[in-house]
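Here the structure comes first, spelled out in structure tokens, and everything after it is commentary.
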Amino acid sequence: MIAEQTLTEHYYRVRLHSEAICRGLETEDYVVQPVADVSPPKWHLGHTTWFWENFVLVPNAPHYRIFHQDFSYVFNSYYETVGKRVLRTDRGNLSRPTVAGVYAYRAYVDEQMSRFLDTADLSPELHALIILGLNHEQQHQELLITDIKFILGHNPLQPAIKMPILENPLSVSRPSLVIPEGIYTVGYQANENQQPGSFYFDNEVGAHKVYLNKTTLAGNLVTNEAYLAFVEAGGYQNFRHWLSDGWAWVKTNAVQAPLYWHQVDGEWWNYTFDGLKPVDLDAPVCHVSHYEADAYARWKGQRLPTEFEWEVAAVDSAAVDSNQQLNWGARWEWTNSAYLPYPGFITAEGAVGEYNGKFMSSQMVLRGASVATSEGHSRPTYRNFFQPDKRWQYTGIRLANQ
Amino acid sequence: MIAEQTLTEHYYRVRLHSEAICRGLETEDYVVQPVADVSPPKWHLGHTTWFWENFVLVPNAPHYRIFHQDFSYVFNSYYETVGKRVLRTDRGNLSRPTVAGVYAYRAYVDEQMSRFLDTADLSPELHALIILGLNHEQQHQELLITDIKFILGHNPLQPAIKMPILENPLSVSRPSLVIPEGIYTVGYQANENQQPGSFYFDNEVGAHKVYLNKTTLAGNLVTNEAYLAFVEAGGYQNFRHWLSDGWAWVKTNAVQAPLYWHQVDGEWWNYTFDGLKPVDLDAPVCHVSHYEADAYARWKGQRLPTEFEWEVAAVDSAAVDSNQQLNWGARWEWTNSAYLPYPGFITAEGAVGEYNGKFMSSQMVLRGASVATSEGHSRPTYRNFFQPDKRWQYTGIRLANQ
Amino acid sequence: MIAEQTLTEHYYRVRLHSEAICRGLETEDYVVQPVADVSPPKWHLGHTTWFWENFVLVPNAPHYRIFHQDFSYVFNSYYETVGKRVLRTDRGNLSRPTVAGVYAYRAYVDEQMSRFLDTADLSPELHALIILGLNHEQQHQELLITDIKFILGHNPLQPAIKMPILENPLSVSRPSLVIPEGIYTVGYQANENQQPGSFYFDNEVGAHKVYLNKTTLAGNLVTNEAYLAFVEAGGYQNFRHWLSDGWAWVKTNAVQAPLYWHQVDGEWWNYTFDGLKPVDLDAPVCHVSHYEADAYARWKGQRLPTEFEWEVAAVDSAAVDSNQQLNWGARWEWTNSAYLPYPGFITAEGAVGEYNGKFMSSQMVLRGASVATSEGHSRPTYRNFFQPDKRWQYTGIRLANQ
Amino acid sequence: MIAEQTLTEHYYRVRLHSEAICRGLETEDYVVQPVADVSPPKWHLGHTTWFWENFVLVPNAPHYRIFHQDFSYVFNSYYETVGKRVLRTDRGNLSRPTVAGVYAYRAYVDEQMSRFLDTADLSPELHALIILGLNHEQQHQELLITDIKFILGHNPLQPAIKMPILENPLSVSRPSLVIPEGIYTVGYQANENQQPGSFYFDNEVGAHKVYLNKTTLAGNLVTNEAYLAFVEAGGYQNFRHWLSDGWAWVKTNAVQAPLYWHQVDGEWWNYTFDGLKPVDLDAPVCHVSHYEADAYARWKGQRLPTEFEWEVAAVDSAAVDSNQQLNWGARWEWTNSAYLPYPGFITAEGAVGEYNGKFMSSQMVLRGASVATSEGHSRPTYRNFFQPDKRWQYTGIRLANQ
């Protein structure tokens, strides 16, 4: 278990990173919600703070006085367990509380949390809850980045801002990787001798065996150059490449390219935090839906890996030969696995139990991490998940052979 | 014609009033758009400014340089004539330009306008255009007030702010007023000897004769107390009182009372700029749709006046006997007249021609003025109009007898 | 008052005409409801029968036994007063009762009505109710024809059937007609010396004076040839001709021509009961919405008449000079009058009171009659009404000059 | 390979069964489409016939003349490959072709098919295509039954008809069944020594190994009595039992019980082909969605089996001990497996390739068969699939323990 002092430090590091992400924003940028999936940045800042207040301070800190009851009401999210909540699609209508008010809320809660962490003799359960809260805030950090990108990237002015991430990192080319047929163990292996401070979500725990056929995974992610060939070959105009739902999605939304791509005078441009720039051909393709990833793979005569093939490739093979490591971490990688419970999965009691299990329907698993993922928040067993039409995250494509 | 100096003063007075309305706002309040009808306050401030830049300065001021081409794009409204425009329902997604940017835009245009008005030898057409621009801005002032009320009144915190209007004014009680059967002339009488600075919209000009039956109009507006009796008598539960479209509207939207009324522990409360307060029984009922006004009148065995009955009562009868003046100006009064062209109405050429005529479909006329109407912007011939389900304006009810 | 014998004959003549309209149908044609506005033919046949059963026989015929309680439930329409009803948009899901069952229902009710009319000593109220029922059935006869046309005209096979009407009648050309400025009396003049058997709806009664400016009305309806010029001049591509709501309607529905027009290899074809035929250039244009009628008139620099101009032209001027009669009766003519109550209009008590008044919102008045109007069901004071986007009725255009 | 004579017999047996299902229908019942998922019965009869004409006769039968080109247009379904098609939601608007016309189409094609099968020397590919066509028609037979039930079960008259199936069969009680941990082979094992006439779909072929943990499956399906306890315990009112999507579905659709259940005076009734009857407590629960199945299992502290657990239980364990056979065949059983491709799955070329693969998104696998499944159309490897909210099929629940 991490020493309390260290935990306080860890707490502050995470909390400050949320604010660092927002440093380049104007007050107005914190407020809007262009579509239901995208939350206003001030909501993320308030909601993560409410988590600490509601789940840690209120039940555990003696004499704690809540900051303001309105904040409890406004910043509750999907937790059906904890009182009334503001409907998700209404978040963008809330001009109050103000951004300054939200930062005051953060300051108040941070000070209270600091005192609490300094003085408390934390039980293992409480310690675990705090680690969960930090991981919760890190998840919202990635959403903060992608939601800010959506807000600015859908503004006709296409403004550039400073954001502490590198959207298109360089990467060393890797050979493809063969997974031999056989039995493999997948899933997070929780045990008594757990590394202090180690963390896992309820959806990834439960190590269990799977049987895999022989497969080859590409060592690298699909690049913009490779994907552009699909676009220019009329990939978005030919139903044969697409799942039925995917084709309906293309038609209904008149999709013609990845999100943030714009064709200007025959050339493809791409909105990034640096503003509108020509598409970087060497960078891994980004902001594609599962439908697009799947269609691209079919067009290439290949397929997407399953989440277990990915995990085995990322863990087991790497252990054998260090040159065999997959290049991962730049884009969340769509797998062809549906998001479903592992054997023995049990939903936890209480509001924390609403965390993951209830979303196990009609979503696909993404593996890896992205340039927007917070430091220390990725591991080979991590299961990210989104509906197959979503593409405002930093999502990309890795191919597998039959 | 007003002397140029006076016109400059008039220009500043109007322009400053727009900003005075917003004085109590936080930056965040300027940005949101909870429903399509309600525009973000900063949009109103920018759009009215764009009107001056685009219609007055660009075509008339020598060497004028536009403030920024992005502003032209973003703040164009319904004018199909003038280039691309931002879809109305997207206005609330625009965090940029910032509020500070919009105020800078206003300052720049105001300075340029001031110079232009000081030096120009204005043609009658240009003079008329400037008067139109001032009236256009005054219309947006009323919308600014009602849109701000909608934004704050739909925030769960129900915040109070300073707003330079008195929502529930006192009024002297007036007797009802009889209009004798006969021929009357209605509509604005434009003529050669026009009062300098006088103004009318294209939809109200064209004085013409109408034949009216004998009618009695109430001297006073329906009060909250009177309307509450309708609510408590189950008026919203009985289809017999309602137009077919109105009943569908009640059912679909689960309407139970005027907008901004909330029932708390059996008592009715009302959101105003002072926050949530008990319903003021003596004040005229406000924020009712045409459907509600019509249903209330039926329930009373009466009806709404036509727009011509209203105009005659406000003008002619008053001339006969000064005690016979209607009490008007607190609420826009729903009439039972559809918004249609007067005899001889012709749509003007160009973007200004999009002003009124094209909305002459499926809307009802409101007469009078409200507590939110700018000074000097009301007259007995003024024709306001909204769809029959709209109620975020300061709308009220006056009854007529058969 | 018509002698009872004569009333029975009149009853049978009307009832048989409803069935004559359906003679060319296949059983399947009776069942479908392609859009909410269009009811399945068997529903019209059942609903008109239910009117007789529910309003005449049940309350008045001694010992009458209803045919089947399910029929009462299924064939009730908009009458909120009379028990539960099948939602309008569900009518097309009802395979039962069968067509044969509906005809059996008709036969049963007709026999009972015949006996009742033979034996009853009808009170004036009951006599009036029967006349209302006959007019109600005649209204449904016109809807039967237009709904059948919609069903078959939206079938990809475009089937031809026998229908006892002449869709494109020949007409004598008439000169245009000048209405002098002045006071006119409009509306149906009900009086004590009422012609026996004469009939009027509650919405047209209440003769009253109106003041009209001088106007000229075209003697003839706009032809397909004239309208085609609008289509070919890009009328549907230029927003300037359109009301704001109309332009939104054109865009949303990708409207390019009147309903039932199809462009095949550059030529315009038209679905009629004879199947798909080249557009008949001499026939009056048909199946246009109010938006289209209004846009066409603007494009011609003219306008639509008001309902009172139309009525005066059809009645008064004709009286002065018999050559001055308008050519009317082929198409319902869109006016630019909204459908609103006449002075003194009062909604009747009970279900019959739901007949007309509650629709007085957001609809436009049509005057005249059409080729589908039943014999004896038209008169110069008749007020038909539809929402401005509707065009499956036999609607056309007459122009007026300012 | 089946002898040609036998194939003809097989063809006729299948074709006649489609018509036997419709024997109790009135003409009107063939026409309607209450919701997009439910096709009109005449469409099924026409579409299955079009399959034979378009895929077998047109390319293979010398001198074959198509019945009518309109039928080719109207009865094409989801096959994007084969020309224009009638949009699925428009099927219920088509009164033509008539039911008699569809039966004539069937008779014509059947005669041509009979001649063709008698004389042709069928290649293995053609033989396989005919077997596919028969299985395709059998799939539509089950849909015919469930679509007819939906049409009649949503008619307010709740009519009873003769249908050649037994909706609530008796069943012998079976003990639960333990699957030991280990490696199992699943999927259809196609091989050279294939049984003549055996058939499998492309989605179930590709035998492969899976690793299963130890699990216990219930021997019997959940009964109405057991499910009623969930209903009465407030199962539909407590979000904790539900997947997030499932809870939204319950709320949006105000779901309170399985489809076709109606509460009358406190008692639960159930629409079956015998009309409205009290719920049969001993029968397996039917017409539940995946959401309901999943919520019920959670409420019981259990879960749904995966498709592989089900397959192993149905095949392997049964082989060991014949008393260990699952009771299956009365209801399609929701599994907790998403519908995804088996290792090595490849989409076939051409229209037949649109058969299964393109639906592998956001659907769940059902295993087993139901009382509506055609004879010879079920096997332990069969993979049925529907979206998780669908419940108009004969779907039920089997529980598994962790």
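Order as written gives the chain letters A, B, C and D; numbering starts at 1 within each chain.
What we mean here is this: contacts are C-beta pairs under 8 Å (C-beta built on N, C-alpha and C of every residue); 3 or more make two chains touch, one makes a residue touch a chain.
As the structure is a computational prediction, the values presented were derived from the model and not from experiment.
Engineer: Which is the least count of steps on a path of touching chains running from chain B to chain D?
Structural biologist: The least step count works out to 2.
Engineer: Specify the chain most distant from chain C by Cα centroid.
Structural biologist: Ranked by distance of C-alpha centres from chain C, the top chain is A.
Engineer: Distance between chain A and chain D based on Cα centroids, please, to the nearest Å.
Structural biologist: 37
Engineer: So the centre of each chain is just the mean of its C-alpha atoms; given that, what is the distance between chain C and chain D in Å?
Structural biologist: For chain C versus chain D, the centre distance works out to 46 Å.
Engineer: Could you list the positions in chain D whose residues touch two or more of the other chains?
Structural biologist: If we look for residues of chain D contacting two or more partner chains, we find none.
Engineer: Mapping chain-to-chain touches, which pattern fits: line, ring, star, complete or other?
Structural biologist: ring
Engineer: Going by the touch rule stated at the top, which chains touch which?
Structural biologist: Inter-chain contacts occur between A-B, A-D, B-C, C-D.
Engineer: In their shared complex, at which residues does chain D touch chain C?
Structural biologist: For this pair, the touching residues of chain D are 26-34, 42, 70, 73-74, 86, 90, 92-99, 151-152, 154-157, 159.
Engineer: Which part of chain B faces chain C closely enough to touch in the complex?
Structural biologist: Those residues of chain B that touch chain C are 78, 80, 183, 208-211, 213, 239-240, 242-247, 290-291, 298, 303, 336-338, 340-341, 343-344, 346-347, 358-362, 388, 402.
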